[in-house]
Each structure stands twice: as C-alpha cells, then as structure tokens.
Amino acid sequence: MSSDFKIYNATELWQIETSLPSIPTFSQNLDKILGNDGIQLGSLTELLGLSGSGKTQLCLQLCASVQIPKILGGLNSEALYVDTNANFTVERFKEILFSSLAKCQEIMGSSILIKEEDALKKFHYVKAFGLENFCAFLYQLPNFLSDKPHIKLIIIDSIAFPFKEGISLKQRTGLLFRLMADLQKIALNKQIAVVLTNEMTTRIGLSTGAIVGSLGDTWSHRCNMRLLLTAPEPLKNLRLAVILKSNVTAERVAKFQITSDGIRDIQ
Amino acid sequence: MASIKCKMESGIQLLARLSKKTGIERFYPIIFESGPKLGDFIEIYGEGSTTCLLGDLICECLIPNDLNGPEASIIVFNTDGKLTLDYLINLSKIKLSKRLKNSTNKPCHDSKVINSLLNLMLKNLFILDIYNTTQFYTSIQNLEFFLTKYSNVSLCIFDTLTAFYWDEQNLQKATKMDSYVKKLLRIVQKIVKDFKITVLYSRPEYFSTSKESIENLEPCYENSESEQINYRIQIVYNEKDVNLVNVRTYNKQFQKKFHIFNDEIVWL
Amino acid sequence: MNALERKEHVYLTESILKTLKQNRIITLFDFLQEEAEKLSTLTKLTLPQVLEIRQEIFKKHSAHLINGATLFINSLTCKKYIPTHITSLDEVLGGGIPVGLITEVCGLAGCGKSQLCMQLAINSVKESDDSVLYVDTKGDFSAVRIQKILDANGVSYKDMALIMLKIRVVHIWNMEDLITLLENIKNGILKIEKLSLIIVDSLPCLMLQHFGDENKIGLTFLNRVVNNSRYISKEFQTGFIYVNIQTRWIDQDVSEPEEIESSCTVKDITYNEKRNRCLGKYWQTIPALLLVIEKCSDYDIENNYENCVMIKVIVTRHTNPLLAENCTLKLNALGVT
C-alpha cells in the first residue's frame, strides 16, 4: 500500500505559489488581469476565442517570452509547441521571436548577444495531427521532457481539434480528462506552464449566451484559468481578453493589440 | 454429526416458536391494512430518497404499548448511512408528544416523560453500521445469532439492500441488477425463515435490469416463499407538493397522498 | 468480498484452504454459508473447531449490533455540525455542514464552487484547533487566494500562518489514488490531527476519466470511495464535501400563447435550459445534503468595476427532496460572505 501522498499545508503551498515565476505576454494590461504578471509556471490555462481572435498569436508570443534572458528577469527557457490544427507558420513565429529578442537586446545593450539560430533551437515544434498521433505524443511526453529539461512552457494548439472526429462523445470526455490529469501532474511537478487553445461553438438557448467553448460543459470545469479572446472590431488590431474563470483574480477585462511584432499594449 | 445438526436446528425452531413476539400487524394500516404478517417481505423504492417513509415506519413500529403502539424490536442494516439516529429521535419525539396529547387531551410539555418513553423506544432499536462488502455478508450470516440473542425482534430492515452492488462487480462479469437483488433476498430468506420476522428493504428505483418499471416485472405474493415480495411500495415526489406512495400487494393496488411536515409524513 | 485466507484462523492450513477451494469455498461468505457438518467432513476438522473458525470470522468481520439507547447516549457528546461561519448559510443549513454524512456542492463552471470550498476551509479552522483536508484533483486550490482573503479581512500575519498551517492540501489525480488516500486515513496510516472536514474538489474530474470505458470500473471505484467516505465521516466525526458539476442541455418547448392575449395562432418557441448533476444515477442518491450554487445576474463584461459577484446557494435535504431553502452570498476580495 502506498502511503506517500504529499500532504502540504497552505503555508507551504503559498511559498511555492508565490515563488513560481510567470511568462509575460508583452502586454502589461493582459499580465495584470492574469494576476501573476503573465502565465504562471505550474498552471493550466485555456485560451478561448473565435478564429482570428488571436489565440495562436498569443501562444507564439509566449513561446518567445519564455526565452527572455535571466538578466532581464526572464526564464531563459524553452517552449514546446504541439500543433494539432496546422495554424502554425514558422515565418510568423520568427517575426514575433526576433522582434521580442530585439527588444531585449535593446535593453541589455551589446553586453550579451542573442543569436537568432540559438533562439530557434529553444523552440520545439511537434506536429501531432489526428487523434492517434496526438495521444501517442502525450503518452511519451514525460520522456520527451526529461530529455529536454529546459522546457518551461507547453502549448497545445488546439486541444479540441484532435477530438473533432473518430471518437464518441463519452470516450472523448474520458480520454480528455485522463490526458489532462497526466498533463497537470507533469505541469505541477516539473513547474511547467501549460496553455491550451480551444475553439468556440454555438449552442442555442443557453442563458449565458449562445457562443460557448467547444468540448462541452464538463470540459469547462477542467482548467483553472480560462481566458476568452475577442476581436470587437473586425479588421482592427484591437483585442479584448476576458477572464472567465480564475481562482486568483476576480473577473476582469484587458485590452491589447496584435502588431507585426506580436502582442503589445495599446499605446 | 447428523444428529447434532438435527438438534441444533430444531432448537432454533423451538425457540422461535416459543418466543412471544410482539406482532407488528396493523401497525401502519394506511399502507399495510391488516398486515404485515411475520414472514412478509416488503420492498420500498423510489427515485428520490426512501428515508422519510422508512423513518416514519420505524418510529411507528417502536411506539410503546402504553400509547397503543406495537412496541416492537427492530434490527437495521445501515448500509446507506443517511437514516441517522438524530433524525429518528427527532421524529420519535414529535410522534410521542402528539400521542401523549391525544391520550391525555392536553399538550404534554414534560420532557421527562417524553425522554423516558424515547429511551424505551430506542432500547428496542438495534443498528448495524456497515461499510464494506465483506462486513455486509458476514453480518447477514451473523443475523442468525442476533435473532437468537434478541428473540423479540420482529422487523429487520435493510437500508439499502443494494449499497455494495458496484463494489462487487468486476471486470470479467457483471451480475444483472435484478438477479443481484434476488440472490441477496434468497440469502436473507434462508437465514430468517426459522424466525418469525418481517423483512423490509429499500432499493433505488434505477436499480433494475429492465427498462420496465419494477412493478411490471414481478408480481407480489400472498405467502412469501423465496424472493417473493408481499408489498411493493413506490415513493413518488411531486413538484406540485403532493407526494405519493403506490402500494402493490398480491391482490391489490392503491395510491396514498402525503405531505412532509417537519420531517413527519402527513397522510392526506 | 474478502477471500478465505490463512490469517483468518490458525486451523486454516494451506492444505485445508486448498481442499476448500476445490469445493468452491473461496470467500469468507462461502465458508459462513456452508453447513458446519459439511465443512467438518471436508476439512477433517472437528465440528467445534469449524464453529470456532466461524466465530472468529464473525468477531473480525461482522458489524456490531448497537442498541439505539447506547447510540443515543454516545451521540449526546458528539458534534453534529461544522459551522460554516457564514451566518445566512448556517441558518439555511440548520447549523453547518453535517458531521457523519456526505454533502455535495454542485454548480456550473466558474459559479464559485471552489471559492466557496476554500472559504469553508478557512472558516472551519479559523476559530478552532481543527484542521481541514482539501483534496485537490485539478489544481484549483490557491493558497495565494486564501492568503489574500485573510489579508483583506485584516488577519494578522501570525494568525494567518496559524490558520494556513491547519489547512492541509493533497493533489490526487485518479480514482485509485483517492481510494488509497481514504483507506490510509481510515487505517490510521495517514494521521491528520483534529481533522474536522474533508473537501474533495472535484469528484467528476476523476470520475470523468472513466467515461466511455467499456466496463463499469468507474462505478466500482466510486462505490469504494463512498464506502470509505461514510466510514471516515462517521468514525472520525468529520464533515465530508464532494464537489460535483452541472451540465446544461436545451429543451425546445413549444408554448401555447395565453388565450386572453388574442386569437392569434402564433406559437412561440422558447428554449428551456435544463441543468443536470453529473456523476450518474448511482451517485445521485448518495449525498444527504445538496448545495446547488448559481451565479446571480450575469455580470456585464465591460462594466464590472465592482468586482463583486452574488452567488445563490440552494439547499435540499434527502429527507424531503422538494423542500429547497436558499440564501445569497457575496463573493469578492473579502472571500465569500
């Protein structure tokens, strides 16, 4: 019989929670509503939004932000990007990564030089199209991570896409909750931030409005932080982020914009 | 060896025959009319909780002779845990003060009288708190000993009979819910047949293999032989505030309406 | 059901157990059910020896018959409730979270279930020596939030530390681990001093992992969790809260317009939102007390400067499932009040 359950008291947890650093979004407004100056390590965050609302853009920005050198208070770490819906383009990532690093370089001066090719090596891209590939990859994720101990951010873009077909609703729920339990265990033990994107779907007649996150009501309980991104004015860069669920902050709204350089505050 | 067996069993039978047992006939005429007889099996089921009726039956059954009650002894297999002693005590107190008021024609506020009567009632109540499958079956087998020791027990209650069903299922084979109930009843029947007692058990309404409602599946019987039920009582809670029990016996079927007021069932 | 093993009695040697097994007497129950004479013949034990084994098994495994009057006297000194110290909630609950029973807290995502649970954790230890165990199955527990609530209420750092030391948290990721955890508490392998309340937030996160399984192993696990929870809450005199979730489904009702209005024959299609407690039929009958939480009036996304949410708690008891009482609580920086 195993009796090695780690029982914390709230003081110990408080020390852990307050000592865990966050990955900045490059928008102070957004960092502020997230409550921890960005996406905190060890947390599980769900990004919701219609297509074009900036989910992938924010993910790419985070992959760049995780590289900020220690000297600037950054994590100097690596990111894992699990692509399930082919939304990823390497050109766009380079654009965001290099302009983010340029900004760092600007502040640091020429004392330390960041090489672009080194920066790209700190980004691990995995293509996991289809349910089988996706599950197979997550299954061997612990091994993958022990080979690459500097990974501090895992992006899954998107979590819903692999489950679009080929699986019954019930089995989908079972599988999703098992995968999430394993993923969250890793995230907490290894202090890695996990960000998932999710699409929106229409359900007519709900009291809370017709457009809700896909994967159903049970799923909406799973993540501790749920952030809804919207583009209130089509064709403009303005984006709104709304905290739908959080244990740390009360619900609030932030404005930000998507520029060619990545996520930024509105000037 | 055979002679010992013969002696042992006839001993129990003799004891059972000689023991003067308080009958519980006519104790709850709204449902049982002139019954239930010793040896009867009663089933209570419902989509919601069966506690309100079970609690009412237990308290009525315990009411002392002085207040025209059966003053019977009861054993409860408590496998569900929601029928609490506090609930029974509260309900008993309400019933006692009502009966006292009726018999003396003036309200009784004497808590001493009520408490001594309550104590008398509780002395006739025996509870088995059961928390796992092994304990459940072992205690059922031990019932023979309990009934011999407390020979005046006339009602044995299982609340609920099916609490450990899922615990017992394994990956290879699952017992059908109906067969499971039958199997348990056969075991109980085998043990209690030499003792003159009534058996009452609850089961959730969903606990049935077939989609058909329970009452359509098996008829009730006049004389209980193995796994045959003498009364089937369904509790239906209605949103519009008038709750129902549907009672079925081998030759009858009727409906009674009730409210719940301060935990007590008020028949309409 | 336990198998018949050597440890049950010294008379039960390997060879006797083997003989019994060949005769399909495998579990304790098989042994108890069999006639003593037959067992004696099979095992070559004397009849008194067989009866001795039977007695030993009963002594070890059967529940004890306890008289109501004895129970009554014992119960006089027992606490019945864990006060929530939220006045309006305690009033509706008739004193607090019941001891010895299972309570369910249920609601839609983000309605404030975890917030209420964290508040209950704080309040149950705040003015006593008791401690609380928070079983976290999805990383929802936030010590930072606890500290912020205490800070906002003007609690001194010293008291804050004392309170937070009494809130114990464990992460559990699957049903098997939850069962082991509860068994460890039950068997005294895991000792938590002055444990007065256990909160499992949330159960569906573990149970839903078995959704869509070919077998019903999830329900078997759930039955064991329920058994152990009942034992712990009763024997250790604790409150036991399970957090459950609600899902929504839509019913399309075609409603007839009132006759008085006019003679027009247009039928309105209205959508009825129905809510459903998760975890299935077996679980529905388990909790003695049900707290359904609803977020009151939807907040205005862009103009919610107050940062205050009202939540409604609807309480029903299993003894009278149609009688619902409710109270409205405030959720803000000060916590749930």
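When the chains are written out, they are named A, B and C in that same order, and each has its own residue count from 1.
In the analysis below, a contact is a pair of C-beta atoms (placed from the backbone, for glycine too) under 8 Å apart; a residue touches a chain by one contact, two chains touch by 3 or more.
Computed from a predicted structure; not experimentally measured.
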item: Chain centroid nearest the full-protein CA centroid; value: C
item: Farthest chain relative to subunit A (centres taken as mean CA coordinates); value: B
item: Geometric centre distance via CA averages, subunit B-subunit A, whole Å; value: 57
item: Centre-of-Cα separation between subunit C and subunit A, whole angstrom; value: 33
item: Computed distance of Cα centres, subunit C from subunit B, in Å; value: 26
item: Where subunit C touches two or more other chains, by residue; value: none
item: Contact footprint of subunit C on subunit A as seen in their complex; value: 1-3, 5-11, 13-14, 16-18, 42-44, 168-175, 177-178, 180-182, 184-185, 187-188, 203-208, 216-218, 220-222, 224, 226, 242, 244-245, 247-248, 250-253
item: Contacting residues of subunit C [partner subunit B, same complex]; value: 1-2, 28-29, 32-33, 35-37, 40-41, 47, 57-58, 61-69, 71-72, 75, 80, 100-102, 215-217, 219-220, 222-224, 227-228, 230-231, 234, 281-282, 285, 288, 318-323
item: Residues on subunit B engaged by subunit C in the complex (per definition of touch); value: 1-2, 4-5, 48-49, 51-52, 55, 75, 81-82, 84-89, 118-119, 121-135, 137-139, 141-142, 145-146, 150, 164-171, 174, 187, 204, 206, 237-239, 241, 243, 260, 263
item: Complex contacts: residues of subunit C adjacent to subunit A; value: 108-110, 114-115, 118, 133, 137-147, 161, 163-174, 177, 180-181, 183-184, 189-190, 192, 202, 204-206, 208-213, 245-248, 250, 252, 271-273, 278, 298-299, 301-302, 304, 307, 309, 332-333
